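Read from first to last, the chains carry the letters A, B, C, D, E and F; within each, the first residue is number 1.
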Amino acid sequence: MSESVKEFNDYRSKMNDKILGDNNKIIKRIFNLDTNAFAEGALDVKTKELLGLVASTVLRCDDCVKYHLETSYKIGLKKEEVVEALGIATLVGGTIVIPHLRRAYEFWDALDEDSKTQ
Amino acid sequence: MSESVKEFNDYRSKMNDKILGDNNKIIKRIFNLDTNAFAEGALDVKTKELLGLVASTVLRCDDCVKYHLETSYKIGLKKEEVVEALGIATLVGGTIVIPHLRRAYEFWDALDEDSKTQ
Amino acid sequence: MSESVKEFNDYRSKMNDKILGDNNKIIKRIFNLDTNAFAEGALDVKTKELLGLVASTVLRCDDCVKYHLETSYKIGLKKEEVVEALGIATLVGGTIVIPHLRRAYEFWDALDEDSKTQ
Amino acid sequence: MSESVKEFNDYRSKMNDKILGDNNKIIKRIFNLDTNAFAEGALDVKTKELLGLVASTVLRCDDCVKYHLETSYKIGLKKEEVVEALGIATLVGGTIVIPHLRRAYEFWDALDEDSKTQ
Amino acid sequence: MSESVKEFNDYRSKMNDKILGDNNKIIKRIFNLDTNAFAEGALDVKTKELLGLVASTVLRCDDCVKYHLETSYKIGLKKEEVVEALGIATLVGGTIVIPHLRRAYEFWDALDEDSKTQ
Amino acid sequence: MSESVKEFNDYRSKMNDKILGDNNKIIKRIFNLDTNAFAEGALDVKTKELLGLVASTVLRCDDCVKYHLETSYKIGLKKEEVVEALGIATLVGGTIVIPHLRRAYEFWDALDEDSKTQ
């Protein structure tokens, strides 16, 4: 795995464990909901993942964008699909979204690299 | 048409005409892009409409939400699909999204009413 | 009750019933968490209510501000305490918070009126 | 004066008086700063007013936009200048700014009407 | 002191000195207000600090969160109290707050480490 | 050139090339508009650059702030002018803007350094 994807996931896991180990009921339940909300329902998993990606992008949350890019990659969304979703996010959210777009592209390339070297 | 849907659309058209009549190049092009971004591409029209809806909801723009709800309704998205998208928006955007959820539900009902009385 | 407080609560109840009647699991659980999060814990109820008020104010959600003002009023928070919390919100969130401050003051006065006429 | 401009100003004055009458030191000083920040300095008054307008527009604060539009009108900024500033705000802030653009155009027209009937 | 707390404070001091050395009246007064707003008043210092923390968290300002965590730590707020406040922030602000929660937990641990090694 | 300015520009160019190479029509046009919006019109180039700077600052986009600072520097805006614009941004956007102010000052100094060593 490329350093950046691995580093991102390691930090994320380590801190999530700390947070969940703390047993704050509200925070634990929100983490739980996060898993449920993206499961197949009236909408399929791919659509939901793109909804999470666009929400994260317009709210300009780089770590959330990375998380949804990684899941999108894993469940087989194509780059054109992801980029169209990011295009809508950039239009709705404005040019302040562009720096996040740069980091999203970089992370997608890192995911691509990783998949080739595994 | 119920007053609220009609009023919303009338005001929207009237003011869009004024804005576009002004010939500011930047604003005109952004309006144009808005039409193009939601056309069929790598993603289908229904998915794109839901992306626009979720982006508008987490950014808490009532008029944008109404606009995407109306288009969603017209292109045949089902209420369960729209509500699942709004659920993701509420989770990602937090409880401050809830007041916008109330108004979204109210507008969806108005769209429903309108379609029955036509 | 003054019209504005009653109207606010009636609309809120009516639409919450509609939303919850829809049985979307994610949305229902977020509504549930909202009740739990403000219950006595390591922090007392008054402090938590002020935290909800400040969060709502800096995120500029008028309906959320009204909701927390009403609860604050009911649990006996004094106006000076509420205003100090709003002062912190205005400093942290900037002058764009001021229009919401106006509406918060107006709603607090309405709550005051209501309590006198009951 | 057209109702909408007058109503806006009356409500604004009435509530500002209430807020300032409360003597919360932090809030009073922020109100004070607001007056000072837009006075002539290294930048002239017109430029500063446009900066306030653009900041208010991208943060999507309708009342703040109206306030800066009214001052812009009074100090002689031309519509083309104001519209170019709003165009930058729409590009930077995205299409979610458009509903605020509609209300800004409507308010500018109301200011125009008022000036003709005085 | 752990590097991360020290580095954070050193950079903060160095740049604040530069900014204040510049003598811009508006900026200087806002810095001043920031000191005053969190002093004891109708609300005690601990409550105010938590209000600042929650405002910073829902607005997703990592440096502001760190600043309020450090002050919270120094004035004796307990971890359970801080975590309950962060739980409210996560519920109100949504899952996009979670990455900031991770960094908040990490910084609190760093504050803890520092206090043991002094 | 100082590392930080150069690094910022190199990463920005490299990723912009990748994004534009992808030929997504919406994103390409938004990039195009970004160039046009800041060209001389009813408002001069310096005023427009300050509008872009203030919009970026209140929306707390560090990379956007850096971009507009660099252009501001190149077209001859004086530090006092830039700082007054940043002061308005801090007042309108609140103390959460302050960490971005620190990084803006640091970047301006880097621009200054670069210009001396060329």
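Heads up, the rule we're going with is that a residue touches a chain if its C-beta (ideal position, glycine included) is under 8 Å from a C-beta of that chain, and two chains touch if they have at least 3 such contacts.
The structure displayed is predicted, hence computed values, not measured ones.
Touching chain B and chain F together: A, C, D, E. Between B-D and C-F, more contacting C-beta pairs join the chains of B-D.
Measuring from the averaged C-alpha position of chain C to that of chain D gives a distance of 27 Å. Rounded to whole angstrom units, the spacing between the C-alpha centres of chain A and chain D is 38. Counting partner chains per residue, chain A has residues 25-26, 30, 33-34, 37, 55-56, 58-59, 64, 83-84, 87-88, 90-93, 95-96 touching two or more of them. Taken as a contact graph, the chains are fully connected, with every chain touching every other chain.
Remark: chain F residues 30, 33-34, 37-38, 41-43, 47-48, 50-52, 54-56, 58-59, 64, 78, 80-81, 83-85, 87-89, 91-93 touch chain D in the complex. Considering their complex, residues 60, 83-84, 86-88, 90-91, 95-96, 98-99, 101-103, 105-106, 109 of chain A touch chain F. Within the complex, the chain E residues that touch chain D are 25-26, 29-30, 33, 36-37. Taken in their complex, chain F has these residues touching chain C: 58, 90-97. By the touch rule above, chain E contacts chain F in their complex via residues 11-12, 15-16, 18-19, 22, 24-27, 30-31, 34, 55-56, 59, 61-64.
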